[in-house]
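First subunit A sits with subunit B, and in the next complex the same chain sits with subunit C.
And now, the complex of A and B:
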């Protein structure tokens, strides 16, 4: 905590049912080392109980509080206020892009979760294979079946930032493709390659790399999509030479 | 619940570079240069059509082509070709898993190469020929 409080205006996107959206300003005295989510919760608690937003764990594990903060996807529970504004400044908070809005800052992620299921997204992964292959720091494989929670927290921020997801509603999206790559690398399930080898799968990505830039975890969806392309091509070539059953 | 959903009509927002990363700037540059090169191809074919209208029409076009503004336009075409082609190499490499972790550096390197190439062409176009 710092001694000096900042005066910050939160400009919050509001929308209820079929009413037109608008931005509502709330002036708060905040500690700049507080997080954006703290400010939003204070608005809900002391200014407007009708404000709706998703949050749960407050430590970047649940992925619920992903929002657009000053135009950039942020996990609001780990985004310090001083990182996105200054004393006397403004913080514009909007719902994630490319998802239907249910109410205020809450978006409908049911389609997103369905795609993650179709990609056989893993909740836990073997520790020895839990990091990205290009990372120098890797966990030693001691032969014991250690597992840990997967890095992807299913926040949906990669889909929100993706310029292709902006225009292609049927695009499987970076999160689902990254999940398919990870599951394929661990299980060699051929059905996953068939799932992603289509116009709305790996080939729809136009290499904007925005997904990786906003990912609050260690998923690197862009790298995984490119790796998945390589796997798809390899599988296709193998099929030509009938080396693959 | 329809608001904020993906639609093809939002394609213009591809060209909004605010709050975006070098990957998207490259994405935007590739589309702008592609549109520019396509427009140039159409203009080029129209100009070639002058050949069919006889030597006078063609000579007047050649005189126009030597004016500084047209030369500058030609330099833009060369720059667009270099940016588009070199970024295309970057996309081809990263699309098959080569250099994905250094795609930003690849973008800046190829953009620098394109600018150096444009400067060399510009020198010869304006100061040598």
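And now, the complex of A and C:
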């Protein structure tokens, strides 16, 4: 940590109602160890009360504050200013891509949350089964049935980064597909395979892995989509030999 | 001017934190028409930034038993109705020195008096259950603590409120009150921050559920409550080192609770009084102190990367004393009694853990004032999925 302040210009995407969007610059003295969200909140508090943005927990558990920072999806509450600019530099902040914009940095999450619900995304999972199967990382395990809040924080950043979501509005998207994969793996709920085994489901993905690159929460949606394809194929083959309903 | 065409009594709630969302659910379930306005997103003030500890009440069982009893009762209810956003793995209170040990007998008596089930666990056994715990622990008690996701808990109440017809207007900032010819509150004037436009909304009653901002809102109409915004700092680390909440066995102090949450642990907190709460800067010295305190409880925190640092302002009722000594209980004010203003109620104080109870007591007062006999039904049935909050209106019923 340093005590020297940086001079940084926040260039913020602004849009209200039917008016055309524009970028508005705000010059701030910041501690480079502060987070991008701190800067945005200060702009609201001291410069412009009409600025709207989503935020709640400020420590990466709620997923509300995903935005584009210099063109890249970032959870702004855990993105230190030091990581995205320099003293005298600029930070461009825009709303997530592939979501309807409601106002300034606020996007409409309704379709996204509906898809998460349809994919039966788990909110709480057993600690012992809460990591990706290939991960070596393990949490303390005393053999008791502990549960923890799931990794996916539903920030929508994977959908924002997805090149397919950009062109195919009906694509179920990486978050929902990853959720379907995890839920199926933990519950064997077969209706989920039917849900994703379609043109707008697991087969639409072009394996760009952009979702995994921006995920702030260890979900690895791309790996899960690839795994989900295997699970769908395995189920189809089993059905041919009638080993499985 | 938005006109509500309806025969139901209409209540406006200012503030969509835990209390506002839980109150909207309670009132909507009792058959009222409810509109909730917040200048930001759901839970974008104190609520969203809470530590996330689902209190067992053990923390307050010696010095603030009223809060302790509220906490354990609501803890058991939230476990049932809000399981979707809770890690319910229990907690430890750990003694690390002689002073902590000396607190043990008072703690045992207090917990028993408050109806909180605690179990003394041999330090060796505790270390087996939580291998990252400080190896120097001298005594350990298990308590029924939990951890919740702040935004999702608020959203679950809001989704349930919407299911019963409540309307939510996030990014709508209340700028003033409307009054009738006799000085009674008859609605509000608001600024729609989404479209940058201004309008008015009438109601039979307005509830101020703005927590730490309760006094600021009331100034607009010449009313007041004695609320002290009392910020504290939290630091999150990128490693889930424990499954249980780790509390220091002593009187409540700074940096004495480490909670697990998702893949993180979060240490908190501090306590000081603030006048201005719209933006509370992070005090670096406090973050450094939190780091030391976290390492004291769980030494391996020293090997973890800091993931986030944030501040949150508790709304504590009272003034002029050190924040730690102010009770954590809540209070509901009928401004007809306190300021001679009809049609206005304030609910503030309390804790996230007790938000449903706060809503129940406030809804009781609101219904009494409006001559409605419906009773609270929020304690039995699980809340709707928090994701339903985002469903377009009309999709529910």
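Here, the second predicted complex is superposed on the first by the 238 of 245 C-alpha atoms of A that agree within 3 Å, B and C clash if a C-alpha of one lies under 4 Å from a C-alpha of the other, contacts with A are read in each partner's own complex, and residues count from 1 in each chain.
Keep in mind that, in the parts below, contacts are C-beta pairs under 8 Å (C-beta built on N, C-alpha and C of every residue); 3 or more make two chains touch, one makes a residue touch a chain.
Nothing here was measured: the structure is a model prediction, and the numbers come from that model.
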item	value
Superposition on subunit A - do subunit B and subunit C clash or fit	fit
Subunit B versus subunit C as contact partner of A:55, first or second or both or neither	second
Touched partner set for A:189, first subunit B, second subunit C, both or neither	neither
If touched residues of subunit A are counted for subunit B and for subunit C, the larger one	C
First, second, both or neither for A:87, with subunit B first and subunit C second	neither
Subunit B versus subunit C as contact partner of A:167, first or second or both or neither	first
Contacts of A:25 with subunit B and subunit C, given as first, second, both or neither	neither
Which superposed partner A:101 touches (first subunit B, second subunit C, both, neither)	first
Touching partner for A:226 - first (subunit B), second (subunit C), both, neither	first
Least Cα gap, in Å, left between subunit B and subunit C after the two complexes are fitted on chain A	11
Contact residues of subunit A, present in both the subunit B and the subunit C interface	102
List of subunit A residues in touch with subunit C within their complex	1, 16-17, 33-35, 38, 41-42, 45-46, 49-50, 52, 54-64, 77-78, 102-103, 106, 109-110, 112-114, 116-117, 123-124, 127, 139-140, 142, 144, 146-151, 153-154, 217-218
Sites on subunit B touched by subunit A in the complex	1-11, 13-14, 18-24, 26-27, 91, 94-97, 100-101, 103-104
Of all residues in subunit C, those that touch subunit A in their complex	40-44, 47-49, 52, 83-89, 128-132, 147, 149-152, 154, 171, 173, 193-197, 234, 236, 240-243, 260-264, 266, 278-279, 282, 284, 307-310, 385-392
Subunit B-touching residues of subunit A, taken from the complex the two chains share	15, 21, 70-72, 95, 97-102, 107-108, 134, 163, 165-169, 171, 206-210, 213, 222-223, 226-227, 229-230, 233
